[in-house]
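You will see two complexes here that share subunit A, one where it goes with subunit B and one where it goes with subunit C.
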Partner chain A sequence: MAVFGPRANLFMTAALVGVFCVCVFLVAAIWVVPLVDYNSQQQFTPEQPIPFSHKHHVSGLGLDCRYCHTTVEESSNAGMPSTAICMTCHSQIWTNAAMLEPDRKSLAENTPIRWTRVYTLPDYVYFDHSIHIAKGVGCTECHGPIGDMAMTWKANNLYMSWCLSCHRDPAPHLRPKDQVFNPHWRRTDSTPSGDALLVQYHIKTEALSDCGICHR
Partner chain B sequence: MRWRSGAAVAVLSVALTACDNMANQPKLNPYELPVGSQVNWPIKPVPHTVARDDPPAAPSPPPVTMALLERGQERFDIYCSPCHSRVGDGNGIIVQRGFPHPPSYHSESLRNAPNQLFYDVITHGYGAMYSYADRVEPADRWAIVAYIRALQASASASLSDVPADKRSTLQ
Partner chain C sequence: MATTLTNELPAGAPVVRPDVTLTTLSEDVSSRVLMRSAPLWWWIGFGLSFALLMVLIVQMAVLFIVGIGVWGVEIPVAWGLAIAEYVWWIALASGGTIVSALFFLTRSPWRSATNRIAESMLLSAAPCAGLMPIMHLGRPGFFYWLFPYSTVMGVWPQMRSPLWWDFICLLCYILMSIMYYYAGILPDLATVRDLATTKPKKIFYGILALGWRGSVAEWQNQRIVYAIMSAIMAPMVISVHSVVGLDYAAGLTPGWHDTQFPPYFFFGAVTSGTAVIVMLTILVRWGYGLQSVLTEYHFNAMAKVMLVGSLMLAYAYVWEAFGPLYSSDVAERTEFLHRAFGFTAPLFWSEKILTVIVPQLLWLPVVRGNQVLLFLISGGIIVGMWQERVVFTTASLEHNYMPSYWGNYFPTLWDWATLAGTIGLFLTLFFLFLRFAPIISLAEVREIIEDEKAK
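Presenting the complex of A and B:
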């Protein structure tokens, strides 16, 4: 009686191919999938109830971010505009536009417009807009070229490594306080250096990457 | 047999709750719908109750300082300038796009109007203008009023009003 049957080689090859496939799958699942934009939704443009354009309102009309995001300087949440804020202008302008129908419906029925979230953080991250504004981090540092976005897309992947890249070396991301809300700001020769702003804003870099800064 | 199924349920429930790594915790975030609520959230306040963070009364006008004027300028440029323009003549970008023209601050009647009028219009709105009470805090309203007064003064100012050491920058 033979130890190996006539199809032993076939089984062995199949087993080796199987092990290889499992390895490839694991590598893809553990390293590749979390890093692709499809998973982090970077560059992803969700559909919205009203096709609101930051490009038109910010770059075209020159509205300040805070006109609509009223709590960004005081609160962890930047604040989504109420229907009344949209209607401040749109009760008089574009009053028959079909794309603004959800806005008029919201006003008539006294129900809020439910926008689709673009940036979602897990509950174990305690992000606060106001402290970033107070320390001279401009909107575009995280939100990308928001002033030029026709539809809002997610400009960063929000991975912890991305947060830490700034928390470990914040100086290049700081700007003068009067330029924080300028979506087209560029560093010039007369801009105070990042290190000078670190001192001016009393930013303690040694504590910025402590776990408790973002997690509690 | 019973302890086995109990253990299986325990292991499964731990495994399942561990799936999102505590990304969804039993707490509410801003704009998150409470469990079981429908689209007509947020729930309106109960009638005849007052929110505890509502200011009890309007503050009296603060003394005019440079810091107050700078705060007023910043708030004015954010919330007022889209229509009233940065110089207060009412030719802001939104007006150029079809919004009804607001009166110029430099008109005779508004130059003589009391401070309280500007404060009340910010609070309650006027004509086509909506109330800004939800966007501009009471203290900031006084800062804006102070800045509007500065804009009005600037329209009829002459070179002799400018401090001597700053005159050269204007010539």
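Presenting the complex of A and C:
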């Protein structure tokens, strides 16, 4: 009673090669999936209740970041603008614009606007906006070309490796104090060097990548 | 038979009884695998083991949902039964490799019939060991962070830590053990395939046998591969268990920070591993009626290995006491006095009795020939080794440098459920090995039979 035909060896070899390929594929997938933008939501532009344009307000009209994000210099949270801040202008101009209807409704009903969060960090990361601002890290270092975004999109993947890329070598990411909120700043020949800024801001690089700096 | 029970084995005692021939051996062992339904004792044993395995499942569910607070681990004693049992299980597994790889290299004839039992035991114990540290992680879902990959986090595991060496060692050890088992069992699977009468079994064992035909070239390759793997496995198991010892020795805790830990752990592995093989061999021998293949010769040899192991342990225990008492380190000394005369004293002394004093009975040929006594002594060694692992894990943490940081460890019901559950996992796996794979290495015992005929 022959159970295995002459081609059994061929099938067996093919199956072993197949198993090997599947293993290689799985390992490669584990490695590659995090690098895909879909996984990190990088470059993604979520829907917002009001299609707010940073490009129009910042680059066009010249509003300062801190006009709306009021607590960015003092608090861990940059702060989302209250309805009243929107209304400092929009009670006077575009008062009947349809796209601002949620804003008016929010004022009338005294309920805040529910913006969709673009940058989310896990709770075990103690991120603080104020210290980054105080040490000369500009907004665009993390938020990308925010002054040119018609709709806000996520400019970085927010992986720990991305955080560490700067925490391990912060010098190239620093700028003079008066340029922190400039969305179109470029380093020029007259800019103080990164190392000079490190000294000026008293940044101790040897402690910056300690676990406890972000995970307290 | 009666004479061998009372006297030392004669110089020319047979390894395998002369009534065993090549054909009866193959048919006898293969029939246990191929029989339609397992004997009643197998079902009873498997059923009880499976029930204990369910305890493990429930325990793990509770542990993962509630957290490791269900165990008795607390500050200051953050390493409790689970870590002690990790060491205990990996020691039992290591014993399997020592019997099958080390004694292959020494060409000891008694190893041929017991090596499959040893390796089945090792493959059943290694998962129990591997589970313990994973259960002990506060967030077991992240155990894969131990793998050295850094696409997302940008950090690598701490490669200077023995805990990480431990992970790498255990992973390599389990993978190597599976391959070693398979390389050895390949010709036997072919024997089972050839003797199978039903088509499903022919296909099942046929695929597992990878088309083995028994040609001279195949035998030659198999023997070379097996010898090379043995030569790798024997030193590997020593390094694996030494690294487990370094988990402790690299800590600054009094009682742990000790250069003797790697060999001390290995001595324990030799003794307790052989003990569990003796117990399983006695059970398999009576359960499957293999009295002619597993003879007094095997038990005599393994009893001597246990005896040597317990003497090595005694040496380590002397140093365990001498080091702290001779040293001027107050913390070391108070910790040792706590270990020997404090809260853990009952476990400490019963462990010494069970692993060193009682095994001295093995000097007597009568004891080595009496399987009931061998069974009891082996069981005592395994229990004693469990106590030893628990004592040095918890006692050091109970009595650390600062008196304000002293406290005692009390296991909870869930700690005991973990122990019972892993025993269930171990026995379940072993019963499956017993049912689905030849439990005696046919190829190697055939060699023994031919050698004895030639004598």
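Note that the second predicted complex is superposed on the first by the 192 of 216 C-alpha atoms of A that agree within 3 Å, B and C clash if a C-alpha of one lies under 4 Å from a C-alpha of the other, contacts with A are read in each partner's own complex, and residues count from 1 in each chain.
Heads up, the rule we're going with is that contacts are C-beta pairs under 8 Å (C-beta built on N, C-alpha and C of every residue); 3 or more make two chains touch, one makes a residue touch a chain.
Just so you know, these numbers come straight off a predicted model, no measurement behind them.
Q: First (subunit B), second (subunit C), both or neither: which does A:Arg66 touch?
A: first
Q: Let me test your reading of the model: by the given contact rule, A:Thr88 touches which partner, first (subunit B), second (subunit C), both or neither?
A: first
Q: Answer with first, second, both or neither: which of subunit B and subunit C does A:Ala98 touch in the superposed model?
A: After superposing on A, A:Ala98 lies clear of both subunit B and subunit C.
Q: More subunit A residues touched by subunit B or by subunit C?
A: Of subunit B and subunit C, B contacts more residues of subunit A.
Q: By the touch definition at the top of the document, which applies to A:Thr111: first (subunit B), second (subunit C), both, or neither?
A: First partner only, subunit B.
Q: If you stack the two complexes on chain A, which partner ends up touching A:Asp123: first (subunit B), second (subunit C), both, or neither?
A: first
Q: By the touch definition at the top of the document, which applies to A:Asn9: first (subunit B), second (subunit C), both, or neither?
A: A:Asn9 sits against subunit C, while subunit B stays out of touch.
Q: Figure out whether A:Asn77 sits in contact with subunit B (first) or subunit C (second), or with both, or with neither.
A: After superposition on chain A, A:Asn77 lies in contact with subunit B alone.
Q: For A:Ser165, select first, second, both or neither according to whether it touches subunit B, subunit C, the two together, or no partner.
A: Touch status of A:Ser165: second partner only.
Q: Same subunit A residues contacting subunit B and subunit C, which ones?
A: In subunit A, nothing is touched by subunit B and also by subunit C.
Q: In the complex formed with subunit A, which residues of subunit B make contact?
A: 20-25, 27, 29-31, 39-42, 77-79, 82, 93-94, 97-100, 128-131, 134-135
Q: Going by the contact rule set out above, which residues of subunit A touch subunit B in the complex?
A: Those in contact with subunit B are residues 61-64, 66-67, 70, 76-77, 80, 82, 84-85, 87-89, 91-93, 110-112, 114, 122-124.
Q: So in the complex, the part of subunit A that touches subunit C is made up of which residues?
A: Checking each residue of subunit A against subunit C gives 1, 3-4, 8-9, 12, 30-31, 34-35, 159-165.
Q: Note which residues of subunit C are touching subunit A in the complex, please.
A: That would be residues 149-155, 199, 202-203, 206-207, 210-211 of subunit C.
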